[in-house]
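Each of the next two complexes has chain A plus one more chain, namely chain B in the first and chain C in the second.
What follows is the complex of A and B.
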């Protein structure tokens, strides 16, 4: 199914079975604020609403998600797997992480194309190495998800003058998929956001809504390509002077790649040369000055 | 540690600065003094000081042997007097970069008097005090920096004397740059030594080293890896803010540059005074 088809045709009306919206993102993006807007909106319309969130490591850029369920009567605050009508993702990889929660046939994914690469995806310490960030692009995604809306919300928000209004841009997109009165959306957004940012947020909301309601979109923003290595990895030469090593075990214990070990005569040896990233930790901390690391640029290799 | 080595050219080999025929060095398995030696030589390399311009003076003790391993102008002098020899050397040859490598016993007890007066004069010398909290070479006797309650050969019931805060002594005596670093933070230690050497005036650097064989074993402090890691977990970098307001506690080291002043360097003041006393000898 094409992402550029009209979304408002499939607007979801509140009904007996609850509507499930899963809002996901990275700490600091306003996930909880989006779910507050939804909650207030439902309260105004006399709907039953339950919301549940996890924001443990929010201030450290960790995962934040918020389950929002509303309808005539809602019993459980959490969305079962495979039951979400909409996943609203403020970060590309976070959206992909929560795909199993989407309804298979009708679920819609609204995702910001912004990428925030978390530190723990950079496991390979070698210079020029690839990080382990999710590489799935829009085309692949459209094959597995019924409806995908990829919007450069951060870019739109920057245009209206406040990068942090990206969440209201996404709310604007979301408003085109839910059956609430647009003027109510605006009132609630103005109520929830900080007073100084009302103008930027309302503008962002309009831009997001307009973008979603366009008949045809001239250019669909695609998520940026996964990063490619800029240059070949350096060649690392690690030399251990056997006669100088006293086998104190420091290098073995501190090596982040675990590529050193003590041999039978209590002398450090490089067990796995391919794993060595040339970080020099062992060289710095060798009390016997027995370890010598040379990092040679790749082009010098013969 | 990974990408901070851009200052190090690929050609840097520490063996260019070592008397390699004396290696392996005599220090025990896992002794942190070797890490301090590497940091000193890397700092010297980074500052572009040639081996002819470098003079290393050391006293007696485990730390005293450091000078012997450096392929530069080195003096291995009497117990507690490296700062005294270095003061004379610096006054006679102000063109040399004088680095004193001394230990906690050498610097604070036998040479305690010389330390405070060297700090007071504020000569352009860098003093590296390797603090392993014990007299290692002479058999593990209690030293002025041994923590309370620790067992040594001379305190079989546990040390009951409080220990010295060497950095406070140096600051109070007038050293114009005082810093402390642990050996586990080797690149930071190298940067601190670079700062102390390039500082015009007396630079006092306390290096928290580990003595595994004689001190750690008797006090059940674990292997050398465990000792340096526990130093790391107990350290309080001054850059974190508020660390310097807390009282001195051995084992919870305040690290970084702890005090800095712009007092006049002694040799410069000395030369000015001598010139003004004998104006006809000016050249």
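What follows is the complex of A and C.
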């Protein structure tokens, strides 16, 4: 018995630098579909390819990325940092996250201007808390990246009648930067998307491609929200009138911060003053009008 | 409903296909002529059996098992009965199956028996990053380690031959990276293994002390023969390079070494265990300096040290985490092999935190809102719902491994130190996997705990596979459906209530009553997963901005469809509901204190 002969005859091939495309986005956007299109193009052209992603979080709104490397011979399944020819981002902040992977001198970032704000960015309930989604805009980005193509792919996709075709719009843009035949792109896109959506997706692909070839400049993506004055320094005071509280437990149950509790005499007390955000839900819902919330200006610092 | 997976088209031999590592493993199992394959889903191994389910049913029985030990036992039975059999699992799955593996190693096989075990360096989706090669050493069975999809196929085929030739179960070790990377594969024919049937040989087949004492020396002798076989040039491939440096490497690490140091002399191991001693000695003699590049534990490095060979390795490379070209480059730089590259100027980027979250409409949200409201001490388990340990739900106090929740809760109760109600929470599939013996134990030992079974009718975490309580097989065919409520009652639990997960008040009351009951009480929180087997999409809800007081109580649900608007009230953002993300579960309507969430104009449910 001998080990399969195939194991031995696949030894060292001449080194050729692979092309590296990093496709990134948020779970549910179709990152894997985009990289499958590239894989199929390579399959047709007899190229070596490695396409690598990590499953599991793809459906859960987490960070999703897919490394695609193709050429005569590809070893590492992941793109080394600083060696991606293209980062294709289906969401703005995700494009920024992966910038260190881009070739500094020549790498191109294709980024959808849409912003998907994660629940994590809206977690701070303190008065005056800032949105966690604060990212740099196009002009700042152009200073650090060799080439940026910012495209409102979701907008273009909506124009062709299917919001979900945003990823084929981006594929259209990508097709203008890679050396595959346009008709092959169209055939592969038609193979990969759901049959009912072929028409909309092909239209999206064309729009993306035309848009990229015209070199139209995208409008500046709008920041997620205007800056506004902060109330962070305000103090909250909660007064619970013991005589009026009958221990019904409603305020304890409704408090979003879980900072109230019933004490030994079944009277509501503020267990964790630091956690109270002054939202007034307890004040409004107390059937006995026993709770008063006061928002006081910040004390002078010394 | 999701289409039954039934056999589709089987690609022909000779074709070149781009396949995920896991698809290539499945193809290898099929090409080896295996007749029985079974597994419990577990990232990153799940797609192996899923994919095998697309091959003709007359070729191979592909089925989901209730847990990894059952899967291995079924495969052992099939191998004893004379057909090639395979099982696939994630690394921690082998912990569950290991009891059978340890004695099976002494007994040997009849027809080939192969375990594909997928490690998770970097802990992408697991509770640890144990190295399966250590299990191979403990069980004294061979471990093969492919480095791309083609090798995944080839080595899986070879594993069956080794299994039969040396009369041993064989582990093929994968990693998350290999399992989930697509690369080209040249396909082969399905082979016809020699026909066999059950062999009457009680010394070999019955694990009695007297028999095991006879078998153990044979296992040690087998190990020596396998080590010699592992040294064959096909499995211990020398790639002659330039200079006096020699790198010993294997698996994905090999691809990173080739990426950053293509000119080095390399010994690439296809079968690291039993140790290919001769090949390692010969390679060491042929170079001036040897560095081992291996992910996770220094298995090869320590073994080479024990052989008295001069070797370096973990001095430069970490024992934790997944390797990458950058990590291997950094290690080789530290070893003085590669010149440091000029440091690139850091980019002014502050990456946005985007942790995974429960889906919009996930029925687990209300179960853990109830736990919060109860102020319970919650023992969690393995599944999507482990995310409820994080903010804002923050409703799980402990989680150890599959099926542990009920035992943990019973232990907390017996300790007698806890003043809060004690609740074990676990999913339907986890309950079937390994939650039943601890439930019997809790009833038997009269533990005062409540058990909340989160029945979402699927194995959700791994992408929606069927299990014994869904009424469908791996191939999508109808089968007996285990009734969880009856099963719980049969263990002796007298207090059982089943509630709709989308009725928070009813769920809260059921859980409160359960915790007030003395003894084991069980609540089944019942609603299908919103993603599998079908994506559930009802009319969305919307927030009446005028009524919203920005209290953000709804945001405690952790629903990703709810976020801030730009409108501020009293220093806080009001909220809005993304009409695309919202699937209409109504949980936010139920928790809103100011009653400002309404059905949209096109939605009838208010």
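In this section, the second predicted complex is superposed on the first by the 197 of 302 C-alpha atoms of A that agree within 3 Å, B and C clash if a C-alpha of one lies under 4 Å from a C-alpha of the other, contacts with A are read in each partner's own complex, and residues count from 1 in each chain.
Here, a contact is a pair of C-beta atoms (placed from the backbone, for glycine too) under 8 Å apart; a residue touches a chain by one contact, two chains touch by 3 or more.
Treat the numbers as computed from the prediction; the structure is a model and nothing was measured.
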Partner chain(s) touched by A:44 [first = chain B, second = chain C, both, neither]: neither
First (chain B), second (chain C), both or neither touched by A:244: first
Which superposed partner A:280 touches (first chain B, second chain C, both, neither): both
Partner contacting more residues of chain A (chain B vs chain C): C
Partner chain(s) touched by A:78 [first = chain B, second = chain C, both, neither]: second
Partner chain(s) touched by A:93 [first = chain B, second = chain C, both, neither]: second
Partner chain(s) touched by A:253 [first = chain B, second = chain C, both, neither]: both
Which superposed partner A:294 touches (first chain B, second chain C, both, neither): first
Which of chain B and chain C A:119 touches, first, second, both or neither: second
Contacts on chain A seen with chain B and repeated with chain C across the two complexes: 125, 127, 253-254, 277, 279-281, 284-285, 295
In the complex with chain C, residue positions of chain A that touch it: 1-8, 10-12, 15, 26-27, 39-40, 42-43, 46, 48-57, 59-63, 74-82, 93-94, 96-97, 99-100, 104, 117-123, 125-129, 131-136, 140, 144, 163, 225-226, 228, 231, 234, 253-254, 256, 258, 277-281, 284-285, 295
Sites on chain B touched by chain A in the complex: 1-3, 5, 10, 13-15, 18, 23-25, 27-35, 37-39, 183-184, 186-187, 212, 223-225, 228
Complex contact set, residues of chain C against chain A: 16-18, 43-44, 124-125, 148, 150-151, 154-155, 157-158, 161, 165, 176-178, 180-184, 186, 232-235, 237, 239, 252, 255-256, 258-260, 262, 270, 324-326, 329, 344, 347-359, 372-373, 384, 387, 391-392, 461-463, 531, 549-553, 555-556, 558-560, 562-564, 566, 568, 570-573, 580, 593-594
For the chain A and chain B complex, residues of the former touching the latter: 125, 127, 241, 243-250, 253-254, 277, 279-281, 283-290, 292, 294-297
